[in-house]
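Each chain gets a letter, A, B and C, in the order it is written, and its residues are counted from 1.
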C-alpha cells in the first residue's frame, strides 16, 4: 500500500472494485461462520474457571486466526457494498512499520505511550474519559474538568452530547457542527481549568466527518497534538465518512486513537470467536484507519458492560495476542454496569484493570451505566481505575486471575439490576470539584477491600 | 452582524416549517407565483432594449421579489419543508449588509464596495472559471494564466473533473484529497503569478467535510479569501449548504453567494427570472449572510449569460438590488464559445454591461458554458476586465447601444458555437503567455470594440 | 387424513428447522404441513413459535447468539409465508399486528434494531424491517403500504435521534398520527425524550422494547375490535 494518506485513496479504490457481497450475508453468515471455523481450527477454547489465562499458545493461536480472518474475508465497505481485500503484504508491511512508542500531548503533558509486554512491570498509560458516554450540555464541562483534574489521566476521551441547551442535535446539520465545536472547546477548557493545557484530547465524539473537521482550531479546538478517534464499524466494516476523518488526522499529522467495540453474543458470536474478531479489528484499524493506538472493548450483548466474565477473558486474551505478536499499543476499556458513588462500579473497574497484566494499558473508563445514562461519570472512579491498573503492573497472570475471580463474584449477580449510582452533581461539589464525603467513603472502603484481595492500591 | 448561530435557527426552522411536495414546489408553486407577481407588478421583458433605463421597472422587480420570497419561502431538500421569512426580515437583511468588503492581502488587498447605477467607481473584476471543469494536470497553469492579469482583483477556481486519474467520490477521502489539492493549487498559482495575497474564491467541493478540510491558514484558504455558498435553483437549500456556510462564518472569511438561474426553466422567461434572481439574492443574504452576491441568469438552451435575455436580466436585477438594498453584486460571465475564438471575446461584453447597472464583473468569462475541460485562459479574462473597467461611469443608454451592436456578432452562433482551444493549445504554460494566434484574435476584437465606443485600456 | 404420528413429526420438523435456522427445511416442513391438512395456526404455534422461543431463551443465556436468532427468524418467516396461503383469511396473522421498524435517517447503526427484530419475530409478530438510514418520508410511506400498526424507530447517535421526532411530526402533518403507535429506542434515547417528542412508548433495551410493542399492539388492536363491534 502507498504510504501516508495516499493509502486511503488506494483503500477507496479497493472498496470500489472488491467483491460484491450483501451486507446481511457478510455480517450474519460469512463472518460468523468463518469465526466459528477458525475457533475450531485453531482450538480456541475458553475455560469458564479462568478469567485471565496464562496460555501463550492460546494468545498466539488467536493472532494467527485473526490474520486468517482478515486475509480471507477482508473488510466490508458500507458505501460500495463490496469487501476491501487485505493482502499478506499489507499486514506484514504495516506491522513491520509500527513504532515502539508514540507521543501524545504537549509541554508538561507530553506523554510517551510505549508498547507493553505481558506481565510488564512498567506502569500502564491511562486514557481517561467518558468513552462516548452521554452527557448533558449543562454538565459536560464539569464532568471533563473532574476527570482532567486527576493527575493519573494521560489523555482524555470525549463523551457524547445529548442536546444543546435542551434542544436536540440535528445530525449532519449546522447544529451538529456547532455541537462538535462546543465539545472541542469544552475539552480544551477542561484541560486549561485543570492547569494542564497540553493534555491530549481524544475526540470528537461526533461520527460525521464535517462536524469533526469543524472542531479543529488552533485557538479553541483540537490540535495536532490531540488524537483523532475513528473506528471500525462493527463488525469488520468501514465507510468513506470514517476514512475521510482519518485523512484529516493524517493531514494534521496527529496521533490516531482507533477503536472497534465488539459484542459478545452478537454477529461475532461467543467469547472464543470474539477474541479472534477483536484481534482482526485491531489489525484492520492499523492498516485502514492508520491507528497509532487502540483500545479493546468486548461488551456483553445483554449487559453492555466489559466487566463480566466473558469480557474480561476476551480483553486479556486479546491483550496477550497483541502484546506477544505485534507492536500495537492498546488499552482496555471499562464499561461498568453500575454508576458512580457505588461500590460496584469500583469493583468492576478493578476487574477490568487487571488486563494490564496481559499487556494492555488502561481506559477509556471507568464509564458508568455502560455509558447509557446521562452524566453518570466522575473523576473519582477514574482515579480508582488508574490506581488499580498501576497496582497490577508486574503481577503474574495467575495471581491476577485469582483476584479477578474474587472480584467478579462480588457483583455479577447484580448485572440484571445494578445500582444506578449518581450523577456528577449528586456526588461532587462542583464548586471545588471534589467528591462528596459519601463517595470518598465508598472509595476508601473498596480500596481497603481490594487490598485484602491482594491488589494493594 | 454575521453570526453562525443563525444557521442553527435556520436548521430548526427547516425542521418545523410547512411540509411541501418538492415536485409541486418546482413545477406549480414557483412558476405560478412568479407569473402572478410579474403581472401584478407589470414586469415585462422588452427584447428591443437589452439594457433598460427604467427605474420603475427595477423597483417593481424588487418589490415583486420581496413578495415572492415572503410567500414562497425557501425549500429545504433534506426536510422537505419550507423556511419562511417575513417581508420585514427580508428587507431588513438586505439593508443591514456592510456596503464594502475587504479581501485579499498585501498589495493584492482590495475593497469591493456597493456600486450605483452609472457609478464612476472602478468595478472589481473577479476572474476565474466559475466552477468550470478542469483537469488536475492543467489546473495550476490555467489559474496562473488568469492571476497574472493585473486587471483581476480576485480569482475563482474551477471543478476538478478527476483526481489522480480517477473520479471524485463525494464524502470520501478522495473528495478531501481533491479539495486539498485544489486549495494548494490555487495558492501555488497566485504565488507563481507573484500575487500571493490575491483573494481566492474557495469551496467548490460539494461535501462539507472536504470543504472544511481545505480551509487552513497553513496550506489552504485564508480569512482574506472568499468562501462560496449558494442556493439550489429554484429557491432551495440543503443542510449540507448550511453546514458549509456555518464553517465559513466561524472561520471568519467573507461569503460569496450565488444562485445560478435558468431562463426558460422553472422560473419562466426573462421577466419572471429577474424577479426570482432578485429574490434569491435576498434569500442568500438571510441564509448565507453574504458579503458579495453573484447574478447569473443563463439561457437554458445555451448555458451562457451572453444572450439578449441574460443581458436584460443581469441589468434589471443589478438595478433592482442597487436601488433598493445594500447588497454588493457582481455579474457572472458564461460564454458559449471557447478560448482562441472571436466569439468568446464578443460574449465577454454582455455580462460586463451590468457594471453600468451597478454590478461588479465576474467571475468569468468561463468558456463553453463551463462544460468542456480546460477551455479557459487568462486572455479572455483580461479583455473582460478591461471592458468592465471601461464601463465605469458610462450611461445605461450607452450600455444598451453596445449590447445592440455586439449581439448580432454572435447570437446567431449559439446553437453551434466554436469551442475554440484548450489552455495548452493556445498558451505557453512555461512563459504564461498566449499564442500568437490568440493574441491576434484579441487585438482584432479590441479594435472592433473600440469602434463600437468602448475605450479600453492597454 | 394424517395420522397422529405424522402430525407430530411434521410439527417437530417445523420446530427443529427454526432452531437450526434452516429456511429450506422450514419451507419443506410447512408444505408438508399443508399437504397433511394440519391447521396452519397450530403448525405455527406448536412448531415454529416453539422453536423460536427456544432460540430466544438460549440467546438470553448466550448459549446461542444474535446470528442464530436472525437465521432462526428467517426460517420462521419462510415457513409462515407458505402456511399463510391456507389461512381462512389472509389477515388472520396480520391480526396479531404488523410492526414496521427502521434505523432512522442518517444513522447506519442497526444492531440494536436487529436484535429487536429477531426477538419480535421470535414472538411470532409480523415485522417489516426497513433497514438503516431510512429517510423519514420513506419510512412513513412504507408504514402506510405495509398497513403497519406499530412503527419502531431506532437511533444510536445523539445526532440522529432527532429524526425520530421528525417522523412523528411528519405523521402529524400528514394526519396519520392516530393510525400508528410509535415506539422509540436506542443508546442515546431516554424516556424523557420519548415523552418530549410524543412517542407512545420507549424501549430501554431490546427485551423491554419487545414487551412494549406487544402492549401497544394489544391496546391498538383491542380498541379497533371494539370500534368495529360498535359499528355493527
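Please note the rule applied: contacts are C-beta pairs under 8 Å (C-beta built on N, C-alpha and C of every residue); 3 or more make two chains touch, one makes a residue touch a chain.
Note that this is a predicted model, so its numbers are computed, not measured.
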Q: Report the chain closest to the protein's overall CA mean, measuring from each chain's own CA mean.
A: A
Q: Have a look at A-B versus B-C and report the one with more C-beta pairs in contact.
A: A-B
Q) Which whole number of Å gives the spacing of the CA centres of chain A and chain C? A) 34
(Q) From the mean C-alpha coordinate of chain B to that of chain C, what's the distance rounded to whole Å? (A) 54
Q) Per the centroid of Cα atoms for each chain, what is the distance between chain A and chain B, given in Å? A) 48
Q.
Quick check on chain B: which residues sit in contact with 2+ other chains?
A. 15
Q) When you check chain A against every other chain, which residues touch at least two of them? A) 170, 172, 208
(Q) Quick check: what residues of chain C touch more than one other chain, meaning two or more? (A) 162
**Q.** chain C contact footprint on chain B (complex, rising order)
**A.** 15-16, 19, 79-80
Q. Along chain A, where are the residues that touch chain C in the complex?
A. 27-29, 32, 78, 134, 160-163, 168-172, 176, 179, 206-208, 211, 233-234, 239, 263-267, 269-270, 300-302, 310, 371-372, 374
Q | Touching residues on chain C, where the partner in the complex is chain A | A | 59-60, 62, 65-67, 70-71, 105-109, 111, 115, 157-163, 165, 187-188, 190, 205
Q) Residues of chain A touching chain B in their complex? A) 5, 8-9, 11-13, 16, 79, 167, 170, 172-175, 177-178, 181, 208-210, 212-214, 240-241, 243-248, 251
Q. Within the complex, which stretch of chain B touches chain A?
A. 4-5, 7-8, 10-12, 15, 78, 164, 166, 169, 171-177, 180, 207-213, 239-240, 242-243, 245-247, 250
